[in-house]
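Same chain, two partners: chain A is paired with chain B first, then with chain C.
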Partner chain A sequence: MKKTLTTTVPAALIALGLAGAASAEIKIGASVSATGPAAFLGDPEAKTLEMLVEETNAKGGINGEQIALVLYDDGGDANKARTFATRLIEDDEVQAIIGGTTTGTSMSILSVAEDAEIPFISLAGAIDIIQPVKPFTFKTPHTDRMACQKIFEDMQKSGIQKIGMISGTDGFGASMQAQCKDVVGEYGIEIAADETYDPKDADMTAQLTKIRNTAGVQAVLNPGFGQGPSIVTRNYRQLGIELPLYQSHGVASDGFIELAGKAAAEGVRLPGTALLVADLLAEDDPQKPVVTAYKAAFEGKFKEPVGTFGGYAHDGFALLVDAVTRAGSAEPAAIRDALEQTSGLAGTTGIYTMSPEDHLGLDLSAFRMLEVKDGSWSIVE
Partner chain B sequence: MPRLTAKSATLLVLAALIAVTPFFFPSGYYYRVGALIFVNGLAVTGIVILTGYAGQISLGHAGFAGIGGYACALAPTHLGLHPSLAVVLGAAISGVLAYLVGRPILRLKGYYLAVATLGFGILVSMVLNNERQLTGGPDGIAVPELGLRGLLKDWGLDLTNGQFWYFFCGIALLIGAWIALNLHQSPSGRALRALHGSEIAAGTVGIDVARVKLQAFVISAVYASVAGSLVALQNKFITPDVAGFMHSIEMVTMAVLGGAGSVLGAIFGAGILTLLPQALTVFAEYEQLVLGLVMMLVMIFLREGLLPSVLRKLRGRGE
Partner chain C sequence: MSELLQFLFSGLTVGAVYALVALGFTIIYNASDVVNFAQGEFVMLGGMITWFAHAAGLPLPLAALIAIVATAALGVAINKLAIEPARGAPVVSLIIITIGASVFLQGAAQLVFDKQIHSFPAFSGDTPLRIGGATIQPQSLWVIGGALVVFAGLWLFFTRTLLGRAVLATSNNRLAAQLVGINTNFVMTLSFALSAGIGALAGVLATPITLTAYNVGIGFALKGFAGAMLGGMGNPKGALAGGFLIGLIEALTAGYLSSTYKEAAAFVVILLVLFFMPQGLFGRKSTERV
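Right after this comes the complex of A and B.
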C-alpha cells in the first residue's frame, strides 16, 4: 500500500447514508422487529401501523394534519434498534416513536427517547420498561406479571393450591416464569414442579411426565410462545393428563388451536384480550366497537387473523392519536403531557387510564379468562 | 522506507477520515453510525490479525465480544469496578479463554479452529441467554455509564453523546490499527505471514507455528472483547445478540469483503456492512439478498477483498 489511497471512502459514506425524507405535518417514527426471531410479533405490528396511518390520513388526518410514518425494521437486535431510534429522532426528526417489539429493543429505544425528550410508546411486555416511571416512556401491552396474576386468580377460584410449571427458555417464557414465581405466593399457591424446554424442542413428554408424577399437582401452567405451547398441549393429552392446563397470553390466537389440534386444545384456559373474542363481547362492552373495527379492517386487508400483538400496535397508535387530538399540537412535550392524561381510552388490549405514576394504564380487567370450547375461544365468567 | 510510509499512510488516512467526515454530517444520527463503524472496524482489525496475517478462521469471535460487553454490565455492579477497568477485565478474561481454547486446537492444521470457535461462540451465547439471574437473559441488562463525557464537560469540552462516542471509538480504532500495523512489521507478524503461506515451510525455518498462531488468536480475541465493551458502554444496554452466531459471521464477512489482508481494507469492509443496512431500510426485506449478492460477487471477482483489489486496479499493477 502506498500513498495513492483515494478519498472515495468519505464520499461513499455520505452517499450511502443519505435517505430521502418526505416532509409532512405530523411525523411518527416506528422501529419494530418485522424480521428476525421476533417477526411473528413485529410483522403484524408493522402492518397494523401502516394500515392505521393510511386509514387516518384518508379520514383527514389528526386535527386536519396528515401523518407521515417512518418505519424501520430492527430485526429484534437491540443495537440496531438504538441506531434506528437515533435516526428517527436526529435525522427524521419525528415527534413521537412507537415500537420496540421486544423488551431488549424497547430498553434500547427508551434511553435514546428519554435523552432527546421524545415520547415513546413501547410494544413490549416487561415491567422494567415503565417501572420506575420514565417521563417520556409509555407502553401498551399488559405485563407478564398481570398475566400471572390473572391466571392465579382463576386458579384460586377453582381451589387450586399446588401447580406444576413448564416454561419456554425464550425471552417471553423465561420472563413470565420469573414473574409468576415472584407473585405466586400472594395467592397461596405453591409451585411443586418447575420444568423448562427449549423453544425448538419437538417433544416435552419427559418434562410433563415428571410434573404428572409430582405428588399433589392440581394444575399445570405453561408460559411460552411460538410452537412450544402447542406441543406441550398435544403431549399433555397424549399422556392422558386430566388436570386443568393453563397457557399464557403469548399464544392467545386462533393459530394456537390450529397448531395444537382442536381435540387437544379443548379445555385449555388462558388470559387473553377482547380482540380474540370480538364476536362474543356484550353489545354494551366499551371495547366492542374498537375491537370489531380493527379486526374487520386488518383481516380484510391482509387476509390473516388478527392477534394480540398487532393489537398492541393498534393501541399505541390510538393512544398517540388521542393525545395529539387532545393536545391540539404535535409538539413532543405536549404529546407527552396529553399521553399521561389519557383517560378511559378503549383499545383492543383494554381500557387505558394513565397517570404520572402509571404509564401503562391497564389493570387486570384488561385480561379476560378464555377457555377453548368446541374448538374455539369462549369467555369464562 | 516504503514500508514505513505504508503504515503511516494507513494511519493518516484513518485519522483524516475520522476528523473530517463530521463536517459533512447532516444530523447527529451520523455520529452514531460512524461510532458503530469504528467499533466494528476495531473487531475486524482483530480478524485481520487472525485471518489476514495468520490464515486462521474463527467463527466464534462474537463470544469474545459478548464477554467484553457483559464484563462492562456485570463487573461494575457485582465487583464494584469502574467501567473502564471492566473493559480491561473483559479483555483479560477473553484473552485467557482464547488461550485455553486455542492452545490444544492450534497444534492441529486445517479448520479445527473454525469448528472449535463455533462451539465456543454458541456456548457463550447460551450462557448469556440462560443465566437469567446474572445476565438478565434474552431481555438484556443495563450497562453503567462510562462517565468520561461528564469529565470532559467539566474540563470545558462539551460533546453530545453521539459526538463523544464517535471520537472515542475513532481513537480506539486508531490505536487498534496502529498496534495491528506494528505487528505486521514485527518478527511475530512476519512469522504469522510465513505460516499463512505454508505451515511446513514456516516450521522448517524455525518458527514455533503453534505458539505464533496462539498469539494471533489471543490478540484478536482481545480486540473483539474491547469492541464488545465499547458497544455495551455506548448503548448503556446489552442483549445476548452481541454474542450471537450471526455476529461472528458478520465480523468475518466484513474482513473478507473489505480485504482480510489489509487493516484499512477490513475497516472499509466494516464500514460498508454497517452502512448498507442503514441505506437499504427502504428495501429491508431484500437486505440479506443484497448482502449475499455483494459477497458472492466480491468472492468471485475481487478475491483479495474490495479495497486491495480496487487499489491494485487503480495502480494498474496486475499480479
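Right after this comes the complex of A and C.
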C-alpha cells in the first residue's frame, strides 16, 4: 500500500556523499481512493502522481532536491482517509498533502491538515472544501456550480428558457442538481421537469418520456456520472427526442462516447477541460503544452486514455512544484504562502490564479463547451 | 396511450433483468436453502468476461460462451472451496460465506480486469423498434426472451427431471436424500454450476443495456433478491413474476408519480405482499414434517 518512489537515485547520491541527511528530500503525502467505489477517479490520480514524481526526480527534482511520495489508498472511506492523513503528518512527516478523491475523504483530510498546519491540495469537487477559505486547504477541480453556470450560459446563448433535468441520485448527481437549481434563476431559465434515477438503473425511458411530454421544454440537462448518463443518452435517442441534450463534466471522457454509442452521443454538449481536446487547442493556447505533455506521458506509460480526474492530480502536483520552486523552501508554512500567491499557472483543468480569498483560482474560462461531432469531441465557439 | 406503452416497455426491460437474476437464486436455494449473495457477482462476471474476451478479438458468441462456462466453473470452485468444507454449518453461516465470496469476487475482478465501465455491442443492433408510438430496444427482447427460456428450462428441470427432483429432495432433507441414493455433493456442485451459469447468462444479455463494471454485482443481487422474495423464494414462476413486477412498478411510479419514489414504491409493495403472504406470491408453504 505504501510506496516510496525515490529508490536508486538517492541511494546513488548518498553513496557518493553528495546528499546530506533526509533534509535534502521533499516529502509529499497522498491519500487517494485507488480502490473502492471511487476507484475510477482515484486510480488515474494515483498513477498520475507516481508518474509525475518519477518524471520530476529524473529531471533533478525541485530546487535540486529529490521528491519522496508517500501514497496511501483510502478506498473512498472517509475514516481511513483521516487515519492516513494523521499517519502522513505524524509518522511520515510530509511537508504537503495531495489527495482526497471524494468530497467526503477531502473533508476528513482537511480537518487533520488544518490542525497540523500542513498545506493540503484536494482533488474533489464540492465548493465546501474551500468555502469558507481555510488557510491550508486548496483544491484543483472546478466546482459543480461552475459547471452549471457554464451550461446555463450556453443555453442562454441559444435562447433556451425552459429545460428538463434528469439527475443521478449518487453524490455527484445530487450535488450538481442542487447547485444547478440554486443558480438557474440568474440565467432566466426555468426548470420545468425535474426527474431522478438511481445510478444502478438500467432504463430511464419512463423519466425521459415524462420530460418529453412536459410542455415547453427546450433542452434537457443530465447531471451524473458513471454509467447513468450513457444510458440516459441511449434512451434519449431511442425515444427520438430532438431537443439539445447537455451532460455534465462528470462524463467528460472518450469513454462516454464509446459507452453511449457514437450515434447516440452525437450532438451531446458538456463543459469539459482542455485535456479532452488537447489536439484541437489553438497553437498559442497557454494550456496546450501542458495538456499535450501530460496526455502523451500518461497514455504512453499506462496505455489508457487520460481523463479529467487524473488531470486534477496533475494540477495538484504542478501547483505544489510551482509553489516549492518559488518559495525556495519546503517548509509547510512557506509552501502555503507560495500556493496562495500562485499566478497564471497553466494546468490541465485551467489557469490557476490563487488569492487569500480564492483557494481554487479558476474561473468559468477553465471549462470549454464541448460537443460530440462525428463521434469525437469538438470545441463549441 | 403511447405513454403508458412506453412505461410498460421500460418496466419490462428492467423487469426482465431482475427476473433473470432472480431465477439464478432459485437453484442454489432449492438445493440448500442458502440465499447465495454472490449471485450478483456471477452476473457481473458474465458481462466482464464477455467484454474482456470480445475486446481481445474473439467473436461475441464465443466470448459469451466462454464467460458462461468460466463463471459456472467459478461457481463450482466456490462450492468446493468455501461451501463444502463448511458442510453441516447452519444456513445462516453458509449465507455469510456467500457474502464473503461476493466480496472476494468483486475484489478479484477489480484486479484482473479494471475499474472502468464497459459494454459490448447489442446482439441485434441499436435501432429501436417502434410499436404503437412507443419504442423498445431489440436487446430488451433478448433479455425478456432469455428470462422466459431460462424460466421454462428451470420449470421443466424441477418438475420433469429426476435430477431436478433430487435437488429438491436434497434441500428437503439431506440425510434422507442420501439414504435413497442421491449424491448430495454432486447436487450441490451442479446447483452452483447452474446458478452461476444462469447468472452469467443474465450478465451477457443485460450488459448492452445496463453496461457493466466490477462493482455492478451488488445492485443486481439486491434487485434480483427482492424479485425472488416477492415471487416466492425457490419457485421459478415466482422469480419470473417477482422480477417483472418490480420492474413494472418502478417504471409506472417513475412515469405517473415521481421518479424520486420509484424505489420506495417497489419496496412498499414487497413489504405489503410479504406481510400478508410471507411466502411470497408463489412460495411453497413451509410445513415442516416432524
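Just so it is clear, the second predicted complex is superposed on the first by the 357 of 381 C-alpha atoms of A that agree within 3 Å, B and C clash if a C-alpha of one lies under 4 Å from a C-alpha of the other, contacts with A are read in each partner's own complex, and residues count from 1 in each chain.
Rule of thumb we're sticking to: a residue touches a chain if its C-beta (ideal position, glycine included) is under 8 Å from a C-beta of that chain, and two chains touch if they have at least 3 such contacts.
These numbers were taken from a predicted model, which means no experiment stands behind them.
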Partner chain(s) touched by A:183 [first = chain B, second = chain C, both, neither]: neither
Contacts of A:35 with chain B and chain C, given as first, second, both or neither: both
Partner chain in contact with A:104 - chain B first, chain C second, else both or neither: first
Contact breadth on chain A, by residue count: chain C or chain B: B
First, second, both or neither for A:231, with chain B first and chain C second: second
Touching partner for A:280 - first (chain B), second (chain C), both, neither: neither
Shared contact residues on chain A - chain B and chain C: 35
Touch list for chain A against partner chain C, complex: 35, 37, 39-40, 43, 166, 195-198, 200-207, 209-210, 213, 226-227, 230-231, 234, 237-240, 255, 258-259, 261, 263-264, 304
Partner chain B, residues of chain A touching it in the complex: 1-6, 9-10, 12-14, 16-19, 34-35, 72-73, 76-80, 82-84, 86-87, 89-91, 102-104, 107-108, 111, 115, 126, 128, 169-171, 174-175, 178
Residues of chain C defined as touching chain A within the complex: 3, 6-7, 9-11, 13-14, 17, 110, 114-119, 126, 128, 135-137, 206, 209-211, 213, 215-216, 219, 223, 250-252, 254-255, 258-260, 263
Contact footprint of chain A on chain B as seen in their complex: 2, 5-6, 9-10, 13, 17, 20-21, 24, 26-30, 32-33, 36, 129-130, 132, 137-140, 142, 161-162, 231, 235-239, 241-242, 262, 264, 268, 271-272, 275-279, 281-282, 284-285, 311, 314-315
